[in-house]
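Shared chain: chain A. Partners: chain B in the first complex, chain C in the second.
So, the complex of A and B:
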């Protein structure tokens, strides 16, 4: 099977995009990605849109077809990919499949979400609607799951509360150098620990913001990539997996089975292991998730990710494994359908040497995109083309 | 009013029940968890709640022991004054969240149910 290459990437400004709607954001990222890849819209065979809830957020459906028209990409085949917060990662998997199967020689993936016109409560409710009704009727929210899990983790592994704050502080620090991040501001541990409680023991700065934004990738067979450029990135491993829909039914609340299984699959496909990864983008929608993914992906032993964070192992400029050099969802923002795509955009830029002040020494990168509270997960491993 | 869990043919129990249980096992019977006490596994107090949900919302994941078989459930707490390991019992309430608020159709979320109260 021929390897699948990424030959272009783009990302809009993340944040509050007042007066712009999902179709505007998708078109902006799509046009920029076409330009970055040097591909004519006519040459796009498949056009995928990763989006969780444009219908619920703004009453807008049919966005893939709208985007095809806005980009003048007809008669490209279009499809919407919804896998809640991991819609972006699922879009990468779908785009990869379209190319790897031979169905498409040029696939444009655009992820996006428009959220900030809703109140925090309304947006939280749209997201919480993914839960089982036995959960939803209690008023549980995704942040509540994070609070429940964080308390269990801290108590069981005797981890200091400050270790979670250090995740947030690190990612905010990284976000300072990302001009497209929603927040480009350092936040110290003390401020984080004194911020308002949202889901005890987690506080405001343990959570990502509500965000508008879009990101895009251009995928094609490696042989086609070489017609466009000498420098590109390949997807060497990718897999998706699910865990229980009902979160409390998991045997161990500190293990996300979807992370473990998708990671295993991606490692197996790539022939690589955790020690081979130079840089990673993890789904830090809540600080506790960075611990659970580090452990599920084999970067840390179970119950010990917090120790690596304390030791500075995940710091961008001095750590052994820089995590969330983009600022992560925490600082960059989390427009649901765009986030998984934006993770891959960061890894693409790192592997291409285009990350500017965020640049680390990397030839292999990983991104892990989590839907629900670990209900569905996509792990992708990317390598600079040799 | 009951708090129904499902016991499957292989003896495992889940709350809520599913059309197929672990290992593809079929449902065999329902068990009313409201007749049992449970242990708090973890808890939180949520202060950023969606429309129609009380604020603050005290929540816990608890574990019941049903004849030696453990089954976990999530639910609201009657108080935020709890600790991990506390024993709680389900107490019935007429309304868990306001059905007219939120994204779902009101008729689809008109729920009574149970909160967990420390024993």
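So, the complex of A and C:
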């Protein structure tokens, strides 16, 4: 089967986008991606929108149709993909399927979310509605799971609290060089350790912010890609997998089954293994998640990711496997439907040599997008091609 | 490329499902479909949920993960597909792509919506949020578009008001024999013409009801289908297309571009034409839509669908092309995310010879699922196979 290529990518400024609607953000990224790929809107066959909750956040639904209108892409087929906080990764998988199945020769995927006009309480209420009804009712929301898991991890593996702070500190440092990031400032380990407690032992700076933003990718068959450009990126492996919806039913809280299974599928499809990956974007919604993904994806042994972080293995300029060169969700921000797409935008730019001051030496990259507390995970492996 | 088969189908009772959640309805149809197909939950690779607005209607998101849990289908990959009132058709297209791309060898699609616990005003507010912001603000909602279009159609094509009522009356008559339909009673033309005006000239009985319900399909490659059964159905053509999001920008209000384009694509893929179709389920959310789809899909000349209805051409037991043998949205009900799936369930049962008192003589069938006021349309052509 012919490989699926990515020939264009874009993202808007992430942060607080006051006075703009979700439709504005989607259109901005969509138009920029059409330009980046050199594709006319008329040539787009499928137009996919990754978005969790425009209805809940803005009382606006049908945003894929609004986007088709704003890009003047009719009669391109359009639909919305929602897989909560992994809607972006799910969108990549859906866009990949649209091309690989032959249904579309040119698929524009745009992910976005507009959240900051809501109070933090309102926004987290919407996000919390993805958890199991029984857990939700008892107040065990995603941050609580993160706190419980972090405490268990630190105690069980004898890891220092500082190792988690070092994840946040590293990602903030990377974000300084990302002009699209919500926060472009360094935050040192001491500041993180002294920030307000949210879910003990996790503190404010262990959590990603609430963000507005949008990101986009243009996918097509490799043969079509060659008509547009000499250099592009291919998706060589992709898979998605669920874990239990009831988080407390999991056998080992430090193992995310969805990460393990989707990673396994993506590696198998690409023929690559963890050692072959040059750069990765992991879903650091909470610092502890970066450890769990490093381990689930085979970058570290179980219980030992913290050691690699301590050793600087994941640092951008000096580490063997730079993780979250974009700044991650932690510093770049986490507009739900956009985040998984933006991960792939960063890997695309790294593989194309377009990452500017964040550039690392990479021919292969991996994104891991986590829905809920690992309820559904999509892993994507990308390779530079020409 | 190998064809995509349907090897199982189910639907719940449509109507008012008091005290049940969307997750209950999805699980009911999902479990029944697993049984109907003879497939173990462990063998499901992808689990797709068509649903427009569980977040807005119930404050519950992440329902695909809840369903994976309820069916014990982990680690099956799961996502939600939303294309407003055509979410079901979009789900069929997504499920088709998952199989045709090789990503999944067994995809369970479950569409559902839980709406009747909301007042009619609340429910229609959520639905109206799919329209263009400018039109929405001025109060031009979907029923208004239907009224304006119906008035224009009747005047321009010199069609009698009764012809619209005859659509409703026919579909109600068919619904009498569908034990899963919300309304199982005949409604005569006089009653329809005397019912309260909603959007002149359309009256209460020209509109589908607000409904709870769920429906499911099991899709797999044809080679896999043969391992499970000797008789099955194939999707021989499928396509989706958008029209303008701003309805008043359309050149001719009696032509639904999304119907025309998606129909063209589905016919081309299947190698069939309108004359080859034996039975069809059309999206009769408003009676006028049945005319527009009949014409857009080539079953009638432009402006002449009403004549075929008057002549009895679309009657179940005596007509040449039975339309909405299930009762249609009009009598069966319209649980948004379920409707497009339920259309295909009816065609599946007709082609398998399992439609009981509704059975017609059919080897080929077509479904047309309309999002918004034709903003996005998915057309699916199915054929009996063995």
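FYI, the second predicted complex is superposed on the first by the 385 of 386 C-alpha atoms of A that agree within 3 Å, B and C clash if a C-alpha of one lies under 4 Å from a C-alpha of the other, contacts with A are read in each partner's own complex, and residues count from 1 in each chain.
By definition in this document, a contact is a pair of C-beta atoms (placed from the backbone, for glycine too) under 8 Å apart; a residue touches a chain by one contact, two chains touch by 3 or more.
Quick caveat, the model's predicted, so the values are computed rather than measured.
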Next item on the list: Return first, second, both or neither, reflecting whether A:352 touches chain B, chain C, both chains, or no partner chain.
Entry: neither
Checklist line | Larger contact residue set on chain A - chain B or chain C | finding: C
Next item on the list: Pick one for A:75: touches chain B only (first), chain C only (second), both, or neither.
Entry: second
Next item on the list: Could you tell me if A:193 is touching chain B, chain C, both of them or neither one (first, second, both, neither)?
Entry: neither
Note to self: Quick check on the superposed pair: does A:103 touch chain B, chain C, both, or neither? Answer first, second, both or neither.
What the structure shows: second
Notebook entry, point to check: Counting only touches as set out at the top, which of chain B and chain C does A:132 meet: first, second, both, neither?
Noted result: both
Next item on the list: In the overlay, answer first, second, both or neither for which of chain B and chain C A:360 touches.
Entry: neither
Next item on the list: Look at A:56 in the shared chain and tell me whether it touches chain B only, chain C only, both, or neither; answer first, second, both or neither.
Entry: both
Notebook entry, point to check: Looking at the overlay, what does A:224 touch: chain B (first), chain C (second), both, or neither?
Noted result: neither
Check: So, does A:152 touch the first partner chain B, the second partner chain C, both, or neither?
Finding: first
Check: Across the two complexes, what residues of chain A are contacted by chain B and by chain C?
Finding: 56, 126, 129, 132-133, 246
Next item on the list: Would you pull the chain B residues touching chain A in the complex into a rising list?
Entry: 14-16, 41-54, 57, 59-61, 72-76, 84, 96-97, 102-104, 109, 111, 113
Notebook entry, point to check: Which chain A residues qualify as touching chain B in the complex?
Noted result: 56, 120-122, 124-126, 128-129, 132-141, 143-144, 147-149, 151-152, 155, 196-202, 246-249, 253
Check: What part of chain C is in contact with chain A in the complex they form?
Finding: 1, 21, 23, 47, 52-53, 55-56, 59-62, 64-66, 68-69, 73-84, 90, 93-94, 96-103, 126, 129-133, 239-246, 257-258, 261-262, 371-372, 375-376, 378
